[in-house]
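Should a chain be cited, it is by its letter among A, B, C and D, assigned in written order, with residues numbered from 1 in that chain.
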Amino acid sequence: MKKLYDILSLQFELADFESKRSDLAFCKVKASQAISLLTHLRDIHGYTHLVMLTCVDWLEDKQFQLTYLLHNYATKTDLGILVFIDRDHPVMDSLHHLWKQGRVYQRELHEMFGIDFPGSPGVEEPMILEGWQGPPPMRRDFDTKAYSDETYSHRPRVQNEPEQHMKEQLYSED
Amino acid sequence: MNDINDTIIPEPVPEYPDWRKDAKTLTNAGLSEEEQDWFCDARPQPAKKSWQVMENFLNWARSNSLWILAFGTGCGAIELRPLITARYDISRLGMQPRPTPRQASVFMIGGYVSIKTLKRIVRSYEQMQGPKFVVAVCSCAINGGMYWDSYNTVKRIDEYIPVDVYVTGCMPRPEAVLAGFSKLKELIKGGKAEGQNLYAEKFDWYKENQKRVIKDWNMPDYNW
Amino acid sequence: MENLYPPIVDGKSVYDLNSQKYLKMWHGPQHPGVTGNMSLELDICGDQVIKCNTHVGYLHRGFEKLMERRRYINCFPIVCRICVPEPDTNEYLFAAAMEDLMGIEIPERAKWLRTLNLELSRLASFLMWIGGQSGAFGMGTVAQWTMAHRDFVLDLFEEWTGARIYHMYTIPGGVRGDLPEGWDKRAEKTIAAVHKLLDEINYVMLNNAIFKQRAVGLGVITPEMVDAYGVVGPNARCCGLQRDIRKDQPYLIYDQLDFIIETETAGDAYSRTVVRWKEMYQSIALIRQILAKMPRSGALHATLPNVLHLKIPKGQTYLRAESTRGEYGYFMVSDGSAFPRKVTVRGPSYTHAMALLEDLAVGVNIADLPGLMVSLHTYPPEIER
Amino acid sequence: MNLRDILSPFFVWKRAFEKPYSINTLSAPRPGAPAYRGFHKNDVSKCIGCGTCAEICQNVSIEMVPVATAKDGDSGLRPKIDYGRCCWCALCVDICPSGSLTMSNAYTWVEEGLDKDVRDTFCYTPGVDSKPWDNEPLGYKKPDGYELLLLDRIPMPHLSPEERLSSFVELVKGYSRELAIREADRCIQCGICTATCPAHMNIPAYIKAIREDNIAAGLQILYDTNPLPGVCGRICTRLCEDVCALSHRGDAISIRWLKRYLTDCVEAEDYKDILKTEIKPLGKKVGIIGSGPGGLSAAYYLANMGYEVDIFEKTAAAGGMLRYGIPEYRLPYDKIDKDIDFITSLGVKIHYNTCVGKDISFDDIYKRYDAVFISTGLFEPYFIGIKGEDNEGVISGLKLLSDVTEGKEVSLGKHVVVVGGGNVAMDAARTARRLGSEVTILYRRRDEDMPADREEIDEAYEENVTFITQAIPLEINKLADNRLEFIWGKAEMHFEEGAKRPQPVLIEGSRETLVADTIIAAIGQGMNFAWMDGEAFANIKFGKWNIDADRWGRSSDQKIFIGGDMFNRTADAITAIADGHRSARAIDKLLNQ
């Protein structure tokens, strides 16, 4: 994997190579070069299978980490391409022309994280949620419990902490 | 302990207006003007009772031909298949799955209900012919279950449609679901499975609850 | 009839829905021909589909969000709910991803028991699927048999793990408990019954003239489509590709077991059925091998740090396993805290039901559409999670 | 299509003659599998209400509700389970520290939905509310071979018995950072220990601080309730460990050693920075008699509140029983000094070699100070009460220990007999071992009845101390060669209903002999009220064995407070510290309001 990384880094600006296992590695690439790197990997290096495209919200760093995981059936290795994009203006190039399922992933990310993929067919359509009015729910700053408490009703319940309860019962006057 | 153990105090449920005093027609405001013509604007009315003897006979008949709407709304649906096939064979009890709400009399809520499904549930339920009954299986339908903090599932299904019988379990075994259906039969025979009438009586309350969580209400108010 | 179909411009049909010639039809979510809970928005011409849009989200619970606010150990009971008919793959992958990030090696016997668990649930899932497949083509008898036999397999699970559907057996660090006394014998009996059933399915279903007529040539997947659509599992093997994660990247103890990758070449619904039918034989053989070779004593569970305040070192990993539907994967990111930063589940149905089905459905009769859907073996809950 | 394809489906008609699959579930419901995860059962007599089940439940389906019955080490709460939330994952059963929570194999629970207060449907407290499956023997129990809790204690590195005997070096080496974090990781944070600790130390909080490697925060938590953590971290009787939730199925958390780890991590100079003591003087004075743990504790908290504190100590060093009653190998003197030095650095003055009643009169103190706290402790050893006890060569255990502390030359001879089974007896015996003697311990009851710490008894065994149990001393005679003849009789145990320990009764005619150079009596200590005379004591009421006082140590004279061993009967450091703290608050209440 390291060898491939060295070859690729001649052409692309890669960084932070991390070999997780002998068959799995991650590396970082600039957002502007990501799609051409993916095309390159697919066409030249045999990484023909887009395993998944997902996003990790690094709220503290104000960044989204897009992870394109590619698999090579010949060498049986996985390469994760990490792309960091700005969280406040999340826009990324689309890969729907490379893999048919790409547009579905992008549609989901648009809905769940609010990332825009210009040109991806149907990316604006809601896929999973219907009539959703809140912020994109998978973002870290969306609090699902608060939303749930506010929107739906639960049975009332009282939670007694053993430590507190024993204090009240046994030695509260101290 | 961390925040998942916080005390949850629900908002008080608003009082529902008496349907008799407030008997106006439905507006169907969620629909376009053209579509409003397609649906009726009458409210549901509680079924009128005939003589007790007749009623008893009808209840007996109803309890022995429960047709289930084959709408798997959650994980619970997976136990419906063993139930309707050879091993548990609910045909013995005069029950069978029906593909369309118009032919079904029992709605089985199979656990958690997401908002998107709730819309379909409400519509399917309203389309069912009376007398109709609801059996809610799985703990998720009772108090949210393991999705108690999820943003997309309703916690208590009885706020949105009336539930006649609950079966707890995650998953309840087919036998437990069967016990639920037996209980439903008992209730029907005793004339106590009045969920449909309750829905008509508390219609405004149910609608209000439904509309509170279904943010894009683009359905008729009463889809009959 | 030919001129009824809309003209094709730039590879897309061009038509006007209001022209009275075409009809928009919703297929599902409340429809017996739809597996699970999804809906297809169809544009039809006569009884033929000219456009299909898949709509999912009826089962969305926000697992990935819920996991962000649960401790690692508390995610363990919820992951199996992602896929109802075959929960064990989820349990295994979640546990394995955790173990991979923590650098924990699980005991040898736990690996065997996990493999047994996976294979048995594969058998149950296939039995359920074959019932759906036959049902979709109007053969209710086979569905009655397979569902009953699946139930026999579930009885084995119930005795072993304590639950029928959600076994919650593969816990991070190992497994929860041993096989009960005399379980092997009962397992062998059930497996023999399933084996007999499979032989009969060959007669009733695979050699059935009606089934053949409807399934042969339905929804053909070509080898070129496989990578373009991200097709995995039996759907990829039905067009001749030798791809099976159990062989390619062996996990657990699959490298010590003897089995072959079953393939077909036609790529249609019929060959997909045959591939799965053959795989069930493989699965039965695997279960028998495991029961014969399994070590009978040894630790079941590695010692973990206290699960109540377990923290996993910063890092990310991806683990995959071969489920009945193909590659199932867990991408887990840890930020060093007690809660997962992100767990992404890659369900194989995701690509099959969304991109692939939408394209395969074009030109299919409405009556064959359920059969096509089931032959792709999709389970909606793993699409939307 | 060929003929085979058309005909082969008919082949399966033979199935029509087979037994049907259907099972009759209606008339006889199938029971769940023997290990089926059904509804919960709880053995309430075993349950300790630690709330771990509620903690691990990801569905928040377990509420802890109060119940009437509560035993020792029991929070009085019991889990109430909401089956509208439960997912039957049985993690609660697997993690239950007392092993009381199990599941039955019952699985059917059906309720009507209409017109019901939903608040309590599908909710019940297993074991408290009766349910049909309560006595169901089958069902899920935690399987063998896997454990979610870490039940085994991280072993504490010790000196080997041979190394120990050659010196008075502390035999417990203390946890390293890694070991301490691993040990702290075992804690489930239930907080039952907090209620049991006499000082109510916030044990879960400081264990959490250790786990998170936040030593400063941990030290602050310690000093909230205990100003002698370094001492307690070594010699505390650790009642907390007895009730530790983990002790029901495994080893208790080493709470004491973790406390010791925290104090050992911080240098004496850094205490001031970490604890950030800011004292606003109030201009009032409190006098304290006795510089044992009770006095020091009261002094620390009073000084922190801004009082001017003077301690009167009759010996040349502070610490009381900590210094004079506990041998150095258990509690090194520099560790006592470390804690005491921090207290004196707050402005507490200790008047050494000042015996109240001799060097200064109590009336004087009573007049000079706004309040007086007395914690003189128990320093009068009890006698065995047998013939020949006044012989030379019969000494008390306390005397041996204090002589060694003071550095006096002690010669015990070759053979030493120690009478008693308490901590002082063990300390005396092991000190004698270190001084080179052969030691025999005589105890009235059985081995398991000894009041001493089990750890100490085991260590005494390791150090080759000989134990003779069920032995009642009868007589001591002086032999011609200046040695002593110790005569004892065998006892048998009589068990009485309701009694905690059996009563030893001498077997008639039993008479055994031991020859020893020194006999050490270590059967307990009592109090001396002799110094308490003078006007100031006029208002004070004496109880049966003690001064009358309420639980804050307030005697019938509102200016006089008492605490420590002379007030409570537990006679351990942590209770004295708790007394000191409580009285300090009571004094503050008296003087500041």
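One rule holds for everything that comes next: contacts are C-beta pairs under 8 Å (C-beta built on N, C-alpha and C of every residue); 3 or more make two chains touch, one makes a residue touch a chain.
All of these numbers come straight from a predicted model, not from anything done at the bench.
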| item | value |
| --- | --- |
| Selected pair, greater C-beta contact count between C-D and A-C | C-D |
| Chain centre separation in whole Å, for chain C relative to chain A (CA means) | 23 |
| Centroid spacing, where centroids are CA-atom means, of chain C and chain D in whole angstrom | 55 |
| Centre-to-centre distance between chain C and chain B (centres being mean Cα positions), rounded to whole Å | 30 |
| Distance from the mean Cα position of chain B to that of chain A, given in whole angstrom | 37 |
| Chain C, residues touching no fewer than two other chains | 57, 60, 62, 65-66, 69-70, 77-78, 144-145, 148, 166 |
| Junction residues of chain B, two or more chains touched | 1, 3-5, 86-87, 116, 143-144, 146, 148-152, 156, 170, 173 |
| Residues of chain D whose C-beta touches two or more other chains | 21, 32, 51, 54-55, 58, 60, 82, 84, 87-88, 118, 189 |
| Arrangement of touching chains [line / ring / star / complete / other] | complete |
| List of chain C residues in touch with chain B within their complex | 29-32, 36-37, 57-62, 65-66, 69-70, 77-78, 81, 84-85, 128, 131, 143-145, 147-148, 150-151, 164-166, 381 |
| Residue ranges of chain A touching chain B (in the complex, touch as defined) | 128-134, 137, 142, 144-145, 147-149, 151-159, 161 |
| Residues of chain C that touch chain A when the two form their complex | 56-57, 60, 62, 64-66, 68-69, 100, 227-230, 232, 243, 248-249, 315-318, 320, 327, 329, 331, 333, 341-342, 344, 346, 350-351, 354-356, 359, 384 |
| Sites on chain B touched by chain A in the complex | 1, 3-11, 13, 115-116, 119, 143-144, 148-152, 154-156, 159, 212-217 |
| Complex contacts: residues of chain B adjacent to chain C | 3-4, 69-75, 77-79, 81-82, 85-87, 97, 99, 101, 112, 114, 116-117, 120, 124, 146-147, 149-153, 170-171, 173 |
